[in-house]
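First chain A sits with chain B, and in the next complex the same chain sits with chain C.
Let's turn to the complex of A and B:
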């Protein structure tokens, strides 16, 4: 029974994604179901902000997580996310063929927003699968390609995990940056890193950049079917819809990167330790985001399955991702919230060298940041 | 109920030089993880295949790489049989030589 409960609790996103697809297919005001579910999740996350639990292990230390079941679910999310796009394309097709007679524009907008929010959650599976089996890595690329972000899989493993907390990592947000700027810098920086990796590989092998083994190019080609589908479904309406979906889903991806490491500092060449990530591990965030909020443990034990990640008493915001995401949307509010945590990090976690780097950042910040250093 | 998804996992053997030991590796387990679990001081850092600290030379046997080694190891190293232990699962019993820290450039 315990095994069932521990594994079933990670099914929130699959179930809600299916409900969102159902809402889009039903049409009418049901198209807003995905947005409503996202709102409900936000309320639950805020309501459970003070409930934190360690991962569940049996008395002999083994995890209750069942690998084949969890992998089966993660692989199944690829067709689920494809179905989400197909459902939306179908509504757009109906709208473009019969205009507002069949689908009201407001409800079409609801369908687009619903699809965008839940497509954005592909990151939690794309991320987990990037770290384990070769087959999983490929599925990760396909899931991310649905959001036009297949470069993420390579950049995350080869760049983010190696350069975390350092300016060489585009996914680590420096102190003073807001989430909107970070979304752009991080997205472009990771794509650029992936481009450079392929460029370097081609040069070493004395091949042209345009070759059949170029994963940067192939990754974007994986996104072509989505683009073709939406152009077929609605022409310019379809293009607008997919741009909104890719914009929102990539923003959610980069918001997770933003929240995971904002302002944390690591000296180049020094090992990644628990203090170089922020944990977001209230109960709802942990279950909804399949433990992706246990960043401190994940970045030290990158090979560990999500159901085995634990509370390592690293830096912790104390709130869940939904709540923190709301703060990030209002940069002055986020800065006020996070400065308390950064000051605490500087005083209690940072090495002397890391404090020195932090001081330099504050001295050069424009506008000035009030800190305890 | 979910026990139906569980299966018995057979083990394979990795002979490790210069440790001079043989360790059992469960199917689906990575070489580095198994070595660390059994208390060996195998040089490592990122454990996700991006830093190259855990590299080793495959002397005999076959492995299945979980990530493309070509971004971390040179073509020459790959030709010489170098592997990344953190991204290697076993296809057969193997023998490897672990690259020690003092050998790394």
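Let's turn to the complex of A and C:
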């Protein structure tokens, strides 16, 4: 029974993704179901902000997590996300063929928003599988390609995890940056990393950059079926829909990076430790985001299965991702909320060298945050 | 500033491609699967070139923490 409960609790996103697909297929006002579910999740997350649990292990220290089941679910999310796009493309096709007779524009907009939000939330599976060295890595590339972000898989493992807390990692947001600027810089920076990686590889092998081993180019080619599907379904409407889906899903991905490491600093060459990430581990965030909020443990034990990640008493915002995400959308509110936590980090976690870097960042930063000095 | 220059270059290049697609009446043919594949491929190549343009214009500047 315990094994069932521990494994079933991570099924929130798969079930809600299927409900979202059902809503889009049903049409009418049901197309907004995905948006409504996102709202419900936000309310539950805020309501459970004070409930925190450790990872579940049996008395002999073994985990209740069933690897075969959890990996099966993660692999199944690829066809689920494809189905999400097919359902939306079907609605767009109906709209473009018969205009507003079959599908009201407002409901089409609801379908696009619903698909975008759940495609974005689904990126958590792309993240988890990126840490698998075998076929999971390839599935991760395909899942991320549905959002036009296949470069993420390499950049996350070889750039973000190795350069965390340093300016060499575009996914670590320095103090003073807002989530909107971060989403752009982080997305472009990670793609830039993958581009440079492939460029260097081609030079070493004395090959042209345009070659069939170029994983940066191949990653974008993985996104071609999505583009073709939406163009065929609705022409300009399809292009607009895919721009919204890719925009929102990548924004959600980068918002997670933003929340996970905002303002934390690591001296170059020093090891990545628990203090270089923020934990968001209230019960709903933990189960919904398959423990991605246990960033402190994840960044020290990157290849540990998500169901074994635990509270390591690292820096902790004390709230879940949905609630914190709302704060990030209003930068002055987020700055006010986070400054208390940053000050606590500076006083209780940072080394002298890290404090010195923090001071330099404040001196270089936007005047709005210089008052923190 | 470099970021804005990079975005402007991406916008300019994308506009040229959209204009060419318009001149070829792509917006009237997208229902044909072959056209959809062609338009999709052209837009994907446009996106890839946009990224390369941006990388070349901005360099590493936007990711640096210190001026």
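Keep this in mind: the second predicted complex is superposed on the first by the 367 of 373 C-alpha atoms of A that agree within 3 Å, B and C clash if a C-alpha of one lies under 4 Å from a C-alpha of the other, contacts with A are read in each partner's own complex, and residues count from 1 in each chain.
The definition used in the following text is that a contact is a pair of C-beta atoms (placed from the backbone, for glycine too) under 8 Å apart; a residue touches a chain by one contact, two chains touch by 3 or more.
Please read these numbers as outputs of a predicted model, since none were measured by experiment.
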Overlay on chain A: chain C relative to chain B, clash or fit: fit
First, second, both or neither for A:195, with chain B first and chain C second: second
Partner chain(s) touched by A:341 [first = chain B, second = chain C, both, neither]: neither
First, second, both or neither for A:158, with chain B first and chain C second: first
Touching partner for A:7 - first (chain B), second (chain C), both, neither: first
Partner chain in contact with A:227 - chain B first, chain C second, else both or neither: second
Distance in angstrom between the closest Cα atoms of chain C and chain B, superposition on A: 20
Complex interface listing, chain B residues touching chain A: 1-3, 5-7, 28, 30, 32-33, 45-51, 64-67, 70-72, 74-75, 86
Complex interface listing, chain C residues touching chain A: 3, 27, 30-31, 33, 36-37, 39-41, 43-44, 47-48, 51-52, 54-55, 58, 60, 62-67
Chain A residues within the chain B interface of the complex: 3-4, 7, 66-69, 72, 131-134, 137, 154, 157-159, 161-162, 197, 201, 204-205, 271-272, 301-303
Footprint of chain C on chain A - complex, ascending: 148, 167-168, 170, 174, 184-185, 188-189, 191-192, 195, 217, 220-221, 223-224, 227-228, 231-232, 234-236, 238-239, 360-361, 364
